[in-house]
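Take this structure first; my questions come after.
Chain nomenclature is as follows: A, B and C, assigned in order of appearance, with residue numbering initiated at 1 for each chain independently.
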Amino acid sequence: MSPRLRHLTTLEHLPRISIERLLGRAEALRDACAHGTRKLDVLAGRTVLNLFFEPSTRTRTSFELAARRLGADVINFDLGFSSTSKGEELYDTLHTLEAMHLDAIIVRHKEAGTPDALVRHAMSGVSVVNAGDGNRAHPTQGLLDVLTIRQHRPDFENLTVVICGDIKHSRVARSDVHALGTLGVKEIRLCGPAALMPPADEFPQCRYHNDFDSAIEGADVAIMLRLQKERMTSADLPDEAAYFNRYGLDARRLARAATGCLVMHPGPLNRGIEIASEVADGAQSRILEQVGNGVFVRMAVLCEVLAR
Amino acid sequence: MSPRLRHLTTLEHLPRISIERLLGRAEALRDACAHGTRKLDVLAGRTVLNLFFEPSTRTRTSFELAARRLGADVINFDLGFSSTSKGEELYDTLHTLEAMHLDAIIVRHKEAGTPDALVRHAMSGVSVVNAGDGNRAHPTQGLLDVLTIRQHRPDFENLTVVICGDIKHSRVARSDVHALGTLGVKEIRLCGPAALMPPADEFPQCRYHNDFDSAIEGADVAIMLRLQKERMTSADLPDEAAYFNRYGLDARRLARAATGCLVMHPGPLNRGIEIASEVADGAQSRILEQVGNGVFVRMAVLCEVLAR
Amino acid sequence: MSPRLRHLTTLEHLPRISIERLLGRAEALRDACAHGTRKLDVLAGRTVLNLFFEPSTRTRTSFELAARRLGADVINFDLGFSSTSKGEELYDTLHTLEAMHLDAIIVRHKEAGTPDALVRHAMSGVSVVNAGDGNRAHPTQGLLDVLTIRQHRPDFENLTVVICGDIKHSRVARSDVHALGTLGVKEIRLCGPAALMPPADEFPQCRYHNDFDSAIEGADVAIMLRLQKERMTSADLPDEAAYFNRYGLDARRLARAATGCLVMHPGPLNRGIEIASEVADGAQSRILEQVGNGVFVRMAVLCEVLAR
């Protein structure tokens, strides 16, 4: 049995048994909810704080719902996003929050590595959960993605997964690769314009593609990433239509994938840029399941790090 | 018995029995509160989300208090009000929130019809409550207004009500007219500068006035609307003093109304523009009762739409 | 026995017995927390509203935690800080909130005297707690400071306390002087650049210093204030280094104080301006204890004003 996690900052190097325990717990919570359990009290008396240095209403709300459904209190520590809090200033904020006897801090920050820096500087019993740091990691997104896949295709050793879009700047892609790799999927393909691909040696276990038509060939899962529109030009793609033409997922391209290929996207969608509505709203789309699983995964993570 | 409402987007065409049931429930909650009941748990385990695309601290707070006093959890989904969320983007937000298993969405949006569009696109069991859409409807304001009137003057069939101000752009006026009409008041008079009056055929059941002195003559209830100051010039009223002179409610004008005429205003007040302090703070003012009733009406609405 | 407080706007003229009762209650809550009590329900069913006209994430969070740990609901009434709400507009907001049946309003406002104006205009049973008004008072900060001192040095009649920085504009300094004076400390020294010192007759019970080296000589407690950087020039101190050189607390200066001199700061720290990291993070620093005591003091105040 692997030791309980006290923090969750990345899925990289997380043992398979830890990931599977979190997924199993999320599934148990999903089942309880399906049978009518609306609210648990396992974290009654605990306080969880959302410390978001980047705005993200969706992720913040998902964590807030997760914490409340476990009976915890939630504080939104709103920094106005003008703060570029780093170094000593960041650690002073951490220590101030610790001194107020918080139990967990959910942190999002544009600098990669910030959650780990908080873990290193934490003095007391506070737990740190990463809600996204720079281009580096978004571990609860990675977990909810593999939970969603597992629900439909538990045979990971047979699966080919393609992740398409701005891989280079995507913390979602990184956490997905880490989780999928640990769980033993057969093949992971990364696809995007050359300018938006990661260094060639970053993911030796993955296949790199620049042509989406060939990348999606026979894939069992297609994870489409949200494109930051300002990055299209750096990719020599002059407009949205050009990007969609080369890297958007529409019904024609989806037909090249394996039958029943799962369509996933971390949201929010840029319809007509990285994904066509016919696919986003189609029978193979798992996008809303991902959202629902996000709450259960975050409940599972909070239970794990805050268990006594 | 009328069927339970699952959503509340407008009072137009709402059956009298439904309005009266909501008012009766609001009164029962007010009585319970007066006898010391601080908090109920009828909505324990339920989650209500405030989805405000226009800022409104007062209305948001009133809904938040209502939901919490019924034991529900409340999430404020703060969009920063820079979002002009419409169409697909809006529905994606809706579906994302549904996938998180929310029970009710309280929505305010500057586009008329947005709450109904959400109702049409809602896929699961979520309830939609309109907290104000464009110029169209503000149903809980309409309900709290008639609740306040009923408390003092339950004989609606004898009442003359005057609504004065920028009728054209007022969702409050529209919801008031719908509720007052359904409950059978004798006469509704709409009064304002010609440029701020609605089309002549919009309210065939009302009398239109441009002269407030004659409009208030013998009225039993005077509902003063908040003036958006930028609209004064379009009404050919060059300044606040000119507006107050012609359409402001002061003691002299109130004396033309029926004895004991109720003075109402949805707030926040522009003192000295649409209402004089001597009247706003006077013995006939019901303005703070309206605020108190607002919480009870919103509790009643949440009970109605979220009852199992 | 002194009567129960219904409001807390300032520590000036507050009887010693009232201050000591609040400190005693805060200590009892701290002990209960140390023995594992996470949450009480003494304020279940009560609603506390944060009405902040100046941003302060730390103080707002401390009050929010305090209220929730007593079982109260908390509403953040966010005014966007663009509002300069004064006079009638402020009182209309107050009366609106009273009409919603709130139990306590925690108010911060840049105008000195605003909380007392709210107390004078409050019509119902609502309690007002000052979270900082202009340069005038920050009573819960004063209480948490004396609580922190008392924990280490209960022999107030022997203590020399130096407060250093921008005394003139500091509500913290004023509340500290009031609390320390009432509790009978031997000597209070105020130290800062001449331009940042209060009028000579404002604190006749204190000694005024412009030279920090002599002011700290033999002190048992050093309270360092946060410098607003824009005030350095008005103090003829051209830059941060110049300020630190004359008024910053470093190890060399701390060595001039009495052995074991307590180092305090209301936060957030300007490291290298009013305090050196070696001292802020050193063995004599009580800065994080202050933060922790802040929550207990605010719990004690809420219990006091909201007790039935």
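Quick note on the criterion: a residue touches a chain if its C-beta (ideal position, glycine included) is under 8 Å from a C-beta of that chain, and two chains touch if they have at least 3 such contacts.
For each chain, UniProt lists the protein as follows: A, B, C = Aspartate carbamoyltransferase.
Worth saying up front: this structure is predicted, and the values here are computed from it rather than measured.
For the touching copies subunit A and subunit C, the fraction of interface residue numbers used by both falls below half; the interface is of the different-residue type.
Between the two copies, subunit B and subunit C, the C-alpha superposition involves a rotation of 120 degrees in steps of 5. Subunit A and subunit C have CA centres that are 41 Å apart. Within subunit A, not a single residue touches two or more of the remaining chains. Residue ranges on subunit C touching subunit A, taken from their complex, read 33, 38-39, 55, 57-58, 61-62, 64-65, 68, 267-269, 271, 277, 288-289, 291-292, 294-295. Subunit B meets subunit A in the complex at residues 44-47, 49, 73, 75, 77-80, 88-89, 92-93, 95-102.
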